[in-house]
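Following this line, the structures themselves.
Shared between the two complexes below is chain A, which pairs with chain B and chain C, respectively.
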Partner chain A sequence: MIYHITDNLSKAIPLADIPLVEYAALYHDLEQRLQDERYHVAHYFARLEEGQLRFYLILLDDKQHNILLSSHALDYYDEVTLPSLTALHPALHPFEREIAELFSVKFGSMPWLKPLRFSADRLNRNSTIDNYPFYHIEGESLHQVNVGPIHAGIIEPGAFRFICNGESVLHLEIALGYQHRGLEREFSNDSNRLRQTLLAENIAGDSAVSHASAFALAIEKLTDFTPSEALIIERHIAQELERMAMHIADTGALCMDVGYQLGQVACEALRTMTINTTQAWCGNRFGKGLIRPMGTNKPLNSAKIDMIRQNVAEIARRYEEVRQDIKTSPTLLARFEQCGNVGRAEMLRIGGVGMAARASNAPRDIRLSHPYGLFGKELQHESVIKRQGDVMARLMVRCREVLQSAEYIQQLLNLYSTATATQQPDYEAKLTPEALSLSLTEGWRGEICHVAITDKQGNIATYKVKDPSLHNWLALALAVRSEGISDFPICNKSFNLSYCGHDL
Partner chain B sequence: MILPKIKVLLSHGKQNIPDLNKVELSEEFRGRPELTITDSTEELEAAAALCPTKAITTSPFTLDLGRCMFCGECALRAPQNIRFTTDYRLATTRREALVITPETRQVEFHAEDVDDKKSKLFRSSLKLRQVSAGGDASTEMELNATGNVNFDFGRYGVEFTASPRHADGVVITGPISANMAEPLQICYDAIAEPKLIIVCGTDACSGGLFANSKAVNREFLTRHKVDLWMPGAPTHPMTFIDGVMNYLGRKKR
Partner chain C sequence: MAVLLNTILMIVVALTITGVINRTRALLSGRKGIPFLQHIRDVKVLWRKGSVYSTTTTTLFKIAPAIYLGVSIVAMLFIPVANLYPLISFEGDVICFAYTLALARLAIILAAMDTGSSFEGMGAAREALYGALIEPALMMGFATLAMFCGYTSFADIFEFEQAFDLHHTIVMLLIAYLFIQVAFIEAGRVPVDDPRTHLELTMIHEVMCLDYSGIDLAMIKIAGWLKTACFAMIAANAIATTCCFYWWFATPVAILLTALAIGIVESTQARNKLVRNITFVVTISAMATLIFFIGYLLHLNIDI
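The block that comes next holds the complex of A and B.
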């Protein structure tokens, strides 16, 4: 057997249980397996272990709801060339690029061997972000447009290079890494668990709850802790509030970019209401301070439950009016429809995840395929799927998900009982030594995957984070092909990807 | 179609905050902490040891807001010593003023530090260029919010602009990643004199969680004098609005 089979609810896996196989065996298995859309790779990374470079692969089986783990190794000084998996399945490009950047591993016939994020730990110090090797096309009728790294609005940095044929975009390349803070390394630099929790909250500020939840789950799997139902429900409510807030914000941003002020300001006000609900619960508009490993400092009480119930109902009511308005405004539809298309086959090929994938009829949704918490139990989740794969489809997925999340929050509040004893967070709990713990959650953008590997003393030796943006940036680049360059802003907003989540 | 639009308008009514000087935040909000010395320092020592950015010193007892992530965990460990208030008026002209002591009853705003020329010139119109240099998007979103329909800071002539050529200053968020060090400098150089530097968020004030990361390069702040320091994780829109209004001499703390 070349895989160890587990699932999203199981405890951490002892490192000794993870099969160490020949690369050729894994390569041939993945070559076949990844042709079936039920499989996709959640993470693939390398780390140094006693003089060798060990590669860990985490494969998800959406149909059987299983997680398949495997690994292969290279002697650190081996100069072998590994045949590239990206050449067969482009979805693996960010993983192979990261491994090549950090360890100078050679991948044979890798079609897009470019630096991923110019990590502070990269081996080649001559490779710097200001000499990123942009793709180049010669031609009399072509011109290049460079945007960034600093963009026009108040937004994170990234360099976009368009190759245009007149007004229409022939090719877009996105160079990232400007936001790189050395985040993954900080997890193992200091064993202060509270500090690690705050790091998780700061992976991407707009997904603070989702990333902190993934961290908390990864830690809890390394202990014998079982969360109470109340704690599980609180985490769900916080995550659905975050989903609502960001989907509403992006609805407003899309309206702004087509000059529709009413939609913009209505959504601004609704987002304020949503994040102020989170603030009234936990003191922070982004839910920072709310999610803690093995407990909470901010349990719900009856006053807060009533406040959330009322606010969420009112937000849903008003947002539904905004949605009806958008759907019946021909000038908006003219901009949103048939713009920024990414087809289903293309989305699956590049490994797109989350709401962007669902808008292209690619059913990637961790809540359904690898349920956590109450999903698959008290919460019977149904994915919102659209077929068209255009800006409008992504907007409509957002709209439906806001209303769905509002519905879930009401259901969860009905299940919540204030009678349950509150669990306090525990920052001292001993972790299982020499084990691999992984957690998957569905943030508002999509699949979030955290992996923690502990050493002999039970400290975190390696922490790996995957934000859905890692996959979906390529989807944006493909969406704008053959669109007018003036449609780039709405294509961009329809994805709203994270720069810091990618750059780490 | 006009009917759905009327519905949206009616449902929302007026959304702007009528008087920005009278804003009070929810009681859960963690703003300026108040410190109290007690005979036993046991709890305080535990809180200081847990602090993820080592913002607390025990002798003398101080708390550096420029490093504080406002997680509030210290106040749970040492409730006798540390209590977070809802006071969002945290911006100041001096980095040292962010270090608070048991005597601190408000974050001092040293009006004497303000360059008269700048505050006069920018009093009724201040255009700012925001640069995120490793920020996690939360402070950035809060800065966006200062201009939204609720806060509407534009009513005082304070707005964010796209081009540094049109700007009177730069607002920096994030710990300043090494990969952004050069673009930040280029952007700053493109702004005409006289110009402001505002650092926004705990990450920007001290590096925050990334203060010791080798992926961060904070030389920019040693080369240039900062006009306004604004802590917060993220900085609340009201902290930003209050700080700028104080700087422009349109408000006194």
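The block that comes next holds the complex of A and C.
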């Protein structure tokens, strides 16, 4: 067997259990396997281990709900060229680019090897963000438009280079890395569990709850702690509230970008109401401080349950009106439909995940394929899938998911009983030494994957984070091809990807 | 005296339209809204500030706002307020008015190209395109007025002695409608352009002024108000001439008609996709041609 098979609920895997195979065997197996859309790679990274570079591959089987783990290794001074998997399956491009950037590993026949995020610990210091190898096309009638890296407003930095023929975009290249903070390394530099939790909350500010939940799950898998049902429900509610808040905010932002004021102000009010609900619960509008490993400082009580129940019902009722209004407004449909198309085949090829993939009829949903917490048990999740893959489809997925989340929150509140009291968080628990723990959650953007590897002393030696943005930025670049350049903002908003989640 | 009052009223219209638009939008979105005169305060602040110039720009960039404002003031002086008299009036001043505004557009397009910014180049291209497409509508509108009324000066066109004439009313209402539409495009409002957008890639008029700051930006903003006021007043005159040809009627009509139309459209409707704008503008030109023929048939006094 070249894989160790596990799932999203099982405990950490001892490193010794992960098979170490020949690269050729893995390459040939993946070449076959990834042609089937039920498989996709959740993470592929390398780390230095006793003089060798060991590559870990995490493959997800959506149909069997399994996680397949494998690894291969290179001696540190090996000058081998590995045949590139990206050449076969473009979805792997961010992983191979990262490995190449960090360790100068050579990938043969890699179609387009360029830096991913200019990590602070990259090997080639001559490759800097200032000499990013932008693609260019020569032509009499073509012109280049460069946007960024400094955003004119308050959004994070990223350089976008358009090659246009008049108003229409031929090619968009997105260069990121300006937000790189060396975050993954900080997890192993600092063994203080509370500080690690705070780091996890700040991976991407708009997904604080999702990333903190993924971190807490990854840590809990390395201990013998089993979360109580109340704790699981609280985390679910927090995550669904976050999903609602962000989807509503993006509905408003899309309305704003096409100049539709009514939709904008209605959604802004609803979004404020949603994040204020989170604030009334835990004291922070983005749910920071709410998710802690092995317990919580902010348990629900009956007053808070009533407050959440009422607010969520009110938000769902008013948001449904906005949704009907958007669906029946011809000027909005004229802007959103047939704009920024990404087809299903394309989306699967580049490894798109989350709501953007679901809008293109690619059923990537961790809640369904690799359930965690109460999903697959008390909560029977049904993915919201749209076929068209345009801005409207992504907007409608958001709309439906808001209403779905509102319903889940009501169900979860019914299940919640204050009797199974939640504990205080435990920041001192010993972690299993020499083990790999991985957790998958479905944030509002999509699949979030955290991997923790511990050393002999039971400290975190390597921590790897994957935000869905890592895959989906390429989907945005494809969406604007042959669109008018003036439609870029709504295509961008329809994905609303994270810069810091990508740059880490 | 009448000339002085005429000019003052034009300025009042120019200064208040933006306020009424803001108030309409605020009310329709259930907000209290900014103070009525906030836009004037903003410009007052800008007026006191110095300007920052990009090193790639030349003198052309620096003088363009002055030309833009100067030309807009001259254009404003052509427009009568109902029964009052404008400062400048001569045979054929409608044509002069149209091309005075075209000169303003030329100045600002050249200045935008002067910055060398790719955004502003795109904005200039769009402005030039829509400017060229809306010109037939403007000329057809003036031609209808000239043909129907027999004069080619604003001051004479709207003078109408008879109490009520159905043909005259129909043509004048159509003309009012046409000029409101033109005002939408000239003022850079939804559905063609969106003055509130923060997205450089979608802007038309705003993107051309991105490099301007301080007093230059103030001049451009004031010039924009004056341009809008001119079209609002032409539409108001066309309405006033059918029922109540007095300045105290035409002034509030000019303010309310344009501002409410813009405010309501901006609150309830999304902007056009940029490629659809061409269809939108050409449709207005086509409508202007249709109005001309309607005017011509009615002028022949065919019974309807």
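Keep this in mind: the second predicted complex is superposed on the first by the 504 of 504 C-alpha atoms of A that agree within 3 Å, B and C clash if a C-alpha of one lies under 4 Å from a C-alpha of the other, contacts with A are read in each partner's own complex, and residues count from 1 in each chain.
Everything below uses one rule, namely that a residue touches a chain if its C-beta (ideal position, glycine included) is under 8 Å from a C-beta of that chain, and two chains touch if they have at least 3 such contacts.
Small disclaimer: the values here were computed from a predicted structure and weren't measured.
Student: Let me test your reading of the model: by the given contact rule, A:Ala152 touches which partner, first (chain B), second (chain C), both or neither?
Tutor: both
Student: A:Gly177 in the overlay: touching chain B, chain C, both, or neither? Say first, second, both or neither.
Tutor: The first partner, chain B, only.
Student: Applying the document's definition of touch, where does A:Ser119 land relative to chain B and chain C: first, second, both, or neither?
Tutor: First partner only.
Student: Once the structures are superposed on A, label A:Val265 by its partner contacts, choosing first (chain B), second (chain C), both or neither.
Tutor: both
Student: Is A:Gly343 touching the first partner chain B, the second partner chain C, both, or neither of them?
Tutor: neither
Student: Does chain B (first) or chain C (second) touch A:Gly295, or do both, or does neither?
Tutor: neither
Student: So in the superposed three-chain picture, is A:Gly484 touching just chain B, just chain C, both, or none of them (first/second/both/neither)?
Tutor: A:Gly484 contacts chain C only, not chain B.
Student: After superposition on the shared chain, which partner residues are touched by A:Arg335: those of chain B (first), chain C (second), both, or neither?
Tutor: Second partner only, chain C.
Student: In the superposed arrangement, does chain B or chain C reach more residues of chain A?
Tutor: B
Student: With both complexes overlaid on chain A, does A:Pro19 touch chain B (first), chain C (second), both or neither?
Tutor: neither
Student: Shared contact residues on chain A for chain B and chain C?
Tutor: Common to the two interfaces on chain A: residues 152-153, 262, 265, 329.
Student: For chain A, which residues are in contact with chain B within the complex?
Tutor: On the chain A side, the touching residues are 118-120, 129-130, 149-150, 152-157, 177-183, 185-186, 189, 192, 194-195, 198-199, 202-206, 208, 249, 262-263, 265-266, 268-269, 272, 276, 279-286, 288-289, 297-298, 317-318, 321-322, 324-325, 328-329, 427, 498-500, 503.
Student: In the complex of these two chains, what residues of chain C are touching chain A?
Tutor: Residue list for chain C touching chain A: 25, 28-31, 118-119, 121-122, 190-191, 194, 196-202, 266-276.
Student: Taking the touch rule as given, give the residues of chain A at its contact with chain C in the complex, in rising order.
Tutor: Result: residues 143-147, 152-153, 167, 255, 257-262, 265, 329, 331-332, 334-335, 339, 484-489 of chain A touch chain C.
Student: Could you please specify the touching residues of chain B with respect to chain A in the complex?
Tutor: Against chain A, chain B makes touches at 1, 4-5, 7-9, 11-12, 15, 25-26, 28-30, 50, 52-53, 69-73, 76, 84, 130-145, 148-150, 160, 162, 174-175, 177-180, 182-183, 187, 203, 208-210, 212-216, 233-234, 236.
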